[in-house]
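Let me begin by presenting the structure, written as structure tokens, before commenting on it.
Just so it is clear, A, B and C label the chains in written order, and each chain counts residues from 1 on its own.
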């Protein structure tokens, strides 16, 4: 990894968030810590209900009304974002942290011209900017995100755009405040594969050009491999494994990561998939010990008793599983996964 | 070549949607001249991006929509003709469908038992006890328990609901299943459960499946042969390995090149191919048709393109 | 939760080795449900029970309905029992009459001071106080507050809680009997409207296409005709009476319901579960009544609840313009219309029906809102 990227721009520490719901408190996030350095992409991977989106909403200060931040800090620019007032958040959201949503259609105002939606953000963030200057800047942004004929498109409405083009507009709006962090919440889930590839390329290009830090939320490991420098795998409100892309994909240590990696077919898969049995736990009553134990093929007795700490594998690679304890039995990677990893490494060598 | 026995034959199927009248009349050719055939006990995958007509194709075959033109033949019998009571009965006895959305596809006001048992009740089964017994057996097969039968859909997770949907389709013992994006709305870890379940049931019951999805990796994994659709047309049909190893149609190539792989090494160096029909085809002089380039590998191309493809595959004219 | 580097702390290192045995399990099954199964309506009722305004308005509605049923039986008067000598009596309620309100008193203005002495005109003990004294053309004149019941010679134990009307009929009896009739008219017209609207809207929405176009156009034409003219024509045709009022309220009243149902059908008929049922060979009629209609029940009940105060108000309005039910039968509208004639002299005759109709309308509206929220499937399982 390059050494210049050491400055930490955002640091989340032991974040705990619950939701009031019928039946009790849903413990959505249960002690999440991660940091984001300048110019790097950090991915948070998890299934729905794993708490990944909730953590991000807390960073953006857009948690639902029934959410309670029970503990933890979100350090950003010398502030603790869990304690910032709504007014200050307005400034942070527009200007310093940009957000790209999953559904580009609902993120845009259907009855407002595309150009106006971009200039509006520009004008709010810079009170002194003239309308002409804002339009100039907006056109520039539209060009930057790859909208053809921006002058023509400027006066069109969202419904005249395709899904991919809408997502480009959403990215342009996110960039209008010239943010230093870009949060992408499943930005390509609603898009077709070919469009998804283009949008991911765009996000990567913008990141490089502007030296942005990107937090990338997704459930798709394929997308992660393309985007991320570092990966955090979340399950049941916790990060279960964190490491660089290479570490997560080639040396996964947590059984959940194994399961995730081997449960999806790729284009060369022929053997039976290793499905994760069962369903995620009810987060009103999170299980004692390791939340994944009930679905884990390699569950140990202690998994039902005590939560595993993060065992260190390398300076960047930690995993919360008792399997890494010196007394734990040596468990081999599932054969399917080992075969795939070998194959991937080989193909990497040939291509690279 | 000897006439092969197919279970389902789709011949020049068209389904157009019109809106407006007179000058403003707008015709959308959702499915346009699509032909393919599915062998018994085979899984045929239909892949394409949103709006390419793959869902409409499935729904037209099972007659949720009436075909605008073309023929669909199931086991030697035409099922695309005028709808009669008898034909509806034939269709429901032979073909069942699994839907995409695990939330939308179950009636929120009915219990699981009522949902799964409805197909039996419609078929004139009166004995409540017997229906219940069969429902319980079916639930067991898809990995649910008796206890689940009295519950309402909203109490289930997405994967469980999808399994209920599968149970509903399977309980009537159809010969063919049309599975329309059965896993795309599910979480990654749950998708594998459902795919494995479908695979098991397929083998156990000797099912023929038309598998419709946008995720080429899943389709390739699950299907014997794959048809690639683009804007209402089938552009390439081949068995899975051929399609992956030697794609011919430029759109297939573009699709393959866009699929993200969980491999950070190749992902960082990936070369994506774009598809632009205007640029990639010249159909001003020659009309494209569906041609069998090599055995069981069909491409939609013009004669000159065909030559190029054959050359590429090393086949002499 | 802590990070551990290569030096694993003692307490973790010392966990006994047998804790690190792999757990053998046969099949990992889905989690068992921890909750009781709960049906849709049960769930809706539970949520409704939690909403205070909804429950309060429900109690008010129930109380008014009960009152409408039993109060006329217990007042001791008949709704059409006239007593012209005791007309326009002010309210007099036993118990609180001593507090100075509803004590049957009234101020009589511009009386010759000398007439106060005349026991024929002012029976003994009926004068409570003299409010005002002045002279008019040399004659001393007074405004005097009297016990109006004694003044008219009403027997000692006769009470009219809300007073009497211009024919001496007990207002309370008439008001609650009127409420009964107004509610009856409202319920029947709303039920008729709902039935017509559901059938019409269901057919139009389910089949769509040409059928829908024709049916929608017909409804539009009907809706375009001036409502009042239609109603008046109807009343002239059928003559006054409860039945013709109900019919009159139904001429165009169902159109809104049918539009709602049609829209719901358009929304639901393309749902995957309806398609799934179709592929299973479920018949149209079953699809309509078992798969689609139950999902429209929420908005439908809400709409019906909102329509009830609307119908009460329409009935009152008809009564007001003289198209009410035939006398002597009362309705809230008729009472209001009658009371309005003497609003300045005897405000009590307008006040009580006005309070009741306001209560009814507010309660029904609040209750309808609460029901709508409770029946909203998107809020299932939430607080």
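Basically, contacts are C-beta pairs under 8 Å (C-beta built on N, C-alpha and C of every residue); 3 or more make two chains touch, one makes a residue touch a chain.
In this text the structure is predicted, and so the values were computed from the model without any measurement.
Undergrad: Chain adjacency by touch: line, ring, star, complete or other shape?
TA: Drawn as a graph, the chains make a fully connected set, so complete.
Undergrad: Report the chain whose mean Cα position is at the greatest distance from that of chain B.
TA: When every chain centre is compared against chain B, the largest gap points to C.
Undergrad: Among the chains in this structure, which pair is joined by the largest number of C-beta pairs in contact?
TA: After counting contacts between each pair of chains, the winner is A-B.
Undergrad: Measure off the straight-line distance from the CA centroid of chain A to the CA centroid of chain C, and report it in whole Å.
TA: 52
Undergrad: Report the inter-chain centroid distance for chain A and chain B in whole angstrom, where each centroid is the mean of the CA atoms.
TA: The answer is 31 Å.
Undergrad: Can you pull out the residues of chain A that are in contact with at least two other chains?
TA: Counting only residues that touch two or more other chains, chain A contributes 277, 279.
Undergrad: For chain B, which residues are shared contacts with two or more other chains?
TA: Within chain B, residues 160 contact more than one other chain.
Undergrad: Touching two or more other chains, which residues of chain C qualify?
TA: 29-30, 35, 381
Undergrad: Within the complex, which stretch of chain A touches chain B?
TA: Answer in residue numbers: 47-48, 163, 192-198, 200-201, 219-226, 228, 245-246, 249, 259-261, 263-270, 272-277, 279-280, 344-345, 347-349, 351-352.
Undergrad: Can you list the residues on chain C that touch chain B in the complex?
TA: Against chain B, the touching part of chain C is residues 29-30, 32-33, 35, 37-40, 271-283, 286, 290-291, 294-295, 377, 380-381.
Undergrad: Considering only the defined contacts, which chain A positions touch chain C in the complex?
TA: Going through chain A, the ones touching chain C are 14, 20-23, 31, 66, 238, 277-279, 281-282, 285, 293-295, 297-307, 309-312, 318, 320, 322, 325-329, 331.
Undergrad: Of all residues in chain B, which touch chain A in the complex?
TA: Touching chain A: residues 49-50, 157-160, 187-193, 195-196, 199, 214-218, 220-222, 244, 254-270, 272, 274-275 of chain B.
Undergrad: Mind pulling up the chain B residues that touch chain C in the complex?
TA: Touch list, chain B to chain C: 59, 62, 64, 88-89, 91-92, 95-97, 99-101, 104-111, 115, 118-119, 122-123, 143-145, 147-148, 150-152, 154-155, 160, 165, 168, 172.
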